[in-house]
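Naming follows writing order (A, B and C), and every chain is counted from residue 1.
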Amino acid sequence: MAKGYSGVSLPFPTLAKTALEDTQLRTNLARATTTIRNKRAKVVAEVGDWEALRQAGHDIKMESLSNLSTHLTQFEKEFTSAGGHVHWARNSQEACEIVARIAKENQVTSVVKVKSLTTDEINLNEYLGARGIEAKETDLAELIVQLADEHPSHILVPAIHKNRDQIRDLFVEKIAEAREGLSNNPRDLAMTARVHLRNRFLSARMAVSGANFAIAESGTLCVVESEGNGRMCLTLPEILVSVVGIEKILPKWTDLEVFLQLLPRSSTGERMNPYTSFWTGAGDGPSQRHVILLDNGRIQTLADENGREALACIRCSACMNVCPVYERTGGHSYNSVYPGPIGAIITPQLLGPGLAKTLPFASTLCGACYDVCPVKINIPKILVHLRANENRANASISEKLAMRAAAYALRPDGLKILARLIRATSPLLTSSAFTKLSKSLPVAKKWMAFRDIPRTRLNKKP
Amino acid sequence: MTSSRDDILKRIDQAKLGMKATSPSRSYETTSPLSHEELLDLLEDRIVDYKATFTRSNNVPATIAQLLSQYSLTTIVVPEGLPSDWVTGTIDHKLSSAELDGFDVVITSSEVAIAVTGTIILNHSRTDQGRRAISLVPDTHICVVSAKNVVGTVVEAVRRLNPLDHQTWISGPSATSDIELERVEGVHGPRNLHVVLDLS
Amino acid sequence: MKVGLFATCINSIYFTRTVTATRTVLEKLGVEIIETEQVCCGQMHINSGYPDLAKPLVDRVEKNFKDCDFIVAPSASCIGSLREHEDRPELVAKCFDLSEFLVDILKVTDVGATFNHRVTLHTTCHSLRVAKLGDKPQQLLRAVRGLELIELPESDSCCGFGGTFSVKNSDVSGAMLADKMRNISSTKAEYVVSADNSCLMHIGGGLQREKSSIEVLHLAEILANTNG
């Protein structure tokens, strides 16, 4: 997952520092997150039984995980008996191989794609590209990001880091259908994309999608979208391949009565998104239907009793839109397909021990995310748990010693000594000499970079 | 050598060892307290909010004719089970995408509509609603919703539907806010939606 | 009613006036405080991912306060942290933030305080979401004579302290602090008050660096004030 991004996993604080200096990104992101979270708050306030829905959503997901193998095999049986093909992939490599093989077997050299985080996670586009198969993104923001050869900066509005002029210039440069004198008006830009993609939709032979939900009892897949490119890709081509994380399984069709309320209101802040498609292994549309059930770290996440709740995520991005850290550092600082609060807990677990190790610390534990999570994932609790795991494995000797010393000092005798010590030295602590000195001390300089030690009545002149 | 499938299933069972399955709490509401009349008003409100048109009708053929004339829609495609007295159009017998692209308008019935969310649900197993492609490619969609099929909540709608039927849930024309968060309506899929509420 | 006063480590070491003020407020309302040895609640270690080092501290809290019916602390975050120990139900049931103890247990909002100044309240993430104090601090402040309470814009937005976050991710911490200080300055208050000195150490440090005239003060210190 991290490979497709920078290749090198830089620590969060380093990437964040760069992001903080990018004023356009910060302004755009703050505007986006503020707008979306206000919309979300408004439509959620309309729903009297929101808390009951959240609890049901949480419970259904956890119950589904507790019977995961049963549900997966049932889904396989239903989807297959309806005429579809089910494949199983343990990791990115296996999943990508399956997609490429299906394309090759059908002499397909170009596929259209519905926006799918799961396909980003497995770096599918790069894999196919290296084998002579073009993967064309059809979601507007994904198209923009693909043309610019960049990575998405937000799960829901991936091109938020770009303004309309940049997009106009990009289209003029890269899209044949962009007419002379194309304006920077979003409507004109979207219509250009419409024309550009329409021909692709009407002639594409193969599409790749993800799925928001997979229903075990009926073998039904569900894709939730806004633009209509999903419907195009899911309906018109002859071959459809859907890459679905195993945690997307829901036991029953009626479980959707909960999630189709939770998801639209939590993600785009709408009562319902414009288009939702449901299909099984047979019916009108593609004559060949494939599902690839993907592990890629989900099972190892399931194995962690305290971390598995992260698998309940329905990818709404509500947590990102309320996170004060994400708002200021955007998607790229997390170096993951899944950024923000959910990213901080799922990325380290999917990748495995030792990777993405700074992400669990990229939080003040303010809890705003937990408040808005539609499936009640206790993100702060899992962050703390992952911090403990990380420290046990990798904390530096100096940090461990310092923490041990602190624990010792915070016992009753230690507190008494410290209190006396501070009382004696407090005038020094707020002196300019100390401030200067501490700016060169390792940990202290981080505090002193933009803060003093505040004067209290202890050391303030009366 | 174990297959990926066997490996995955085995490791799942190891991973969730000891995980207790508890029956999910379901204390959420299922129905709306509004009367049916109020639900029809709410549906209208939501549909108009999405910038689709909404016409109440006691004479569906007449209303359809009026919409066709008002919006200058001449080439019409219909699913084969659409009531023949509603309109005369080309019946879809597995028309190609290119052929579908040549029609001004598609006219279908619908399965159920949800008032709270302004959602219209097409069931593609029904011959009067047709396969998915026909309500996707033409730029205008006239959709007839029977007042009898209007329910209040998402819960009610889900419980009336069969998962083995392919469905498309439509809640307004397509939209994107991907460019600077400015909402643009009508990206792909029909840019014009006209809802006819059949009161007969 | 046997009440223990949990000073908290940060108050025992540095913000000692908060402890004195808490004691003053409680005693004025007729509460007899049982003397207990002070100890840290372990929150910093727990949140930084060293739960094993925190365990003896929490054990000590339980031990030191075992004869108390109530443990009252001038700290929403410490109380919030202590109440998260689901495996220690007796301890959880005893823990109260000062504002909760006053409003819910002693059933008072007017503690007879005076404070003739413009004040804005920083609600703190722990007050809001962990200890869930609701509007109890506001109720108490509104009953203080002469106090003008000005609402803080974006009050539910984190100040950026977050314990070791303030050092490990100091750049982001600074960016969050800058926005918090901007909001505080916009109220033209003379004092910013909260239920947590941890946030105030961060905010106060920032305000002082900016040479702002706005000072930080713990809620307890306002409630203990009777001379203008």
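Points to keep in mind about this one:
Quick note on the criterion: a residue touches a chain if its C-beta (ideal position, glycine included) is under 8 Å from a C-beta of that chain, and two chains touch if they have at least 3 such contacts.
Since the structure is predicted, the reported quantities are computational estimates derived from the model, not experimental observations.
The pair of chains sharing the greatest count of C-beta contacts is A-B.
With centres taken as mean C-alpha coordinates, the chain found closest to the middle of all protein C-alpha atoms is A. Centroid to centroid, with C-alpha atoms defining each point, chain A and chain B lie 29 Å apart.
Per-chain Cα centroids separate chain B from chain C by 53 Å. Distance between chain A and chain C, defined via averaged C-alpha coordinates, is recorded as 34 Å.
Residue positions of chain B in touch with at least two other chains are not found. Chain contact summary for the complex, chain A toward chain C: residues 12-13, 16-17, 20, 324-325, 328-329, 360-368, 370-371, 384, 386-391, 395, 403-404, 406-407, 410-412, 415-416, 418-419, 422-423, 426, 430, 443, 446-447, 449-458.
On the chain A side of its complex with chain B, the touching residues are 28, 31-32, 35-36, 48-49, 52-53, 55-56, 59-60, 62-63, 65-69, 72-73, 82, 88-90, 94, 138-141, 144, 157-160, 163-164, 167, 186-187, 189-190, 193-194, 197-198, 201-203, 215, 217-218, 220, 226-229, 231-232, 234-236, 246, 253-254, 256-258, 260-261, 264, 268, 270-280, 283-285, 293, 295, 299-300, 302-303, 305, 308. Contacts from chain C toward chain A in the complex involve residues 9, 12-17, 37-40, 42, 44-51, 53-54, 56-57, 60, 64, 125, 128-130, 156-158, 160-178, 200-202, 204-209, 216. Residue ranges on chain B touching chain A, taken from their complex, read 3-5, 7-9, 11-16, 19-29, 46, 97-98, 101, 114, 116-119, 124-125, 131-133, 136-137, 154-155, 157-159, 161, 163-164, 166-182, 184, 187-189.
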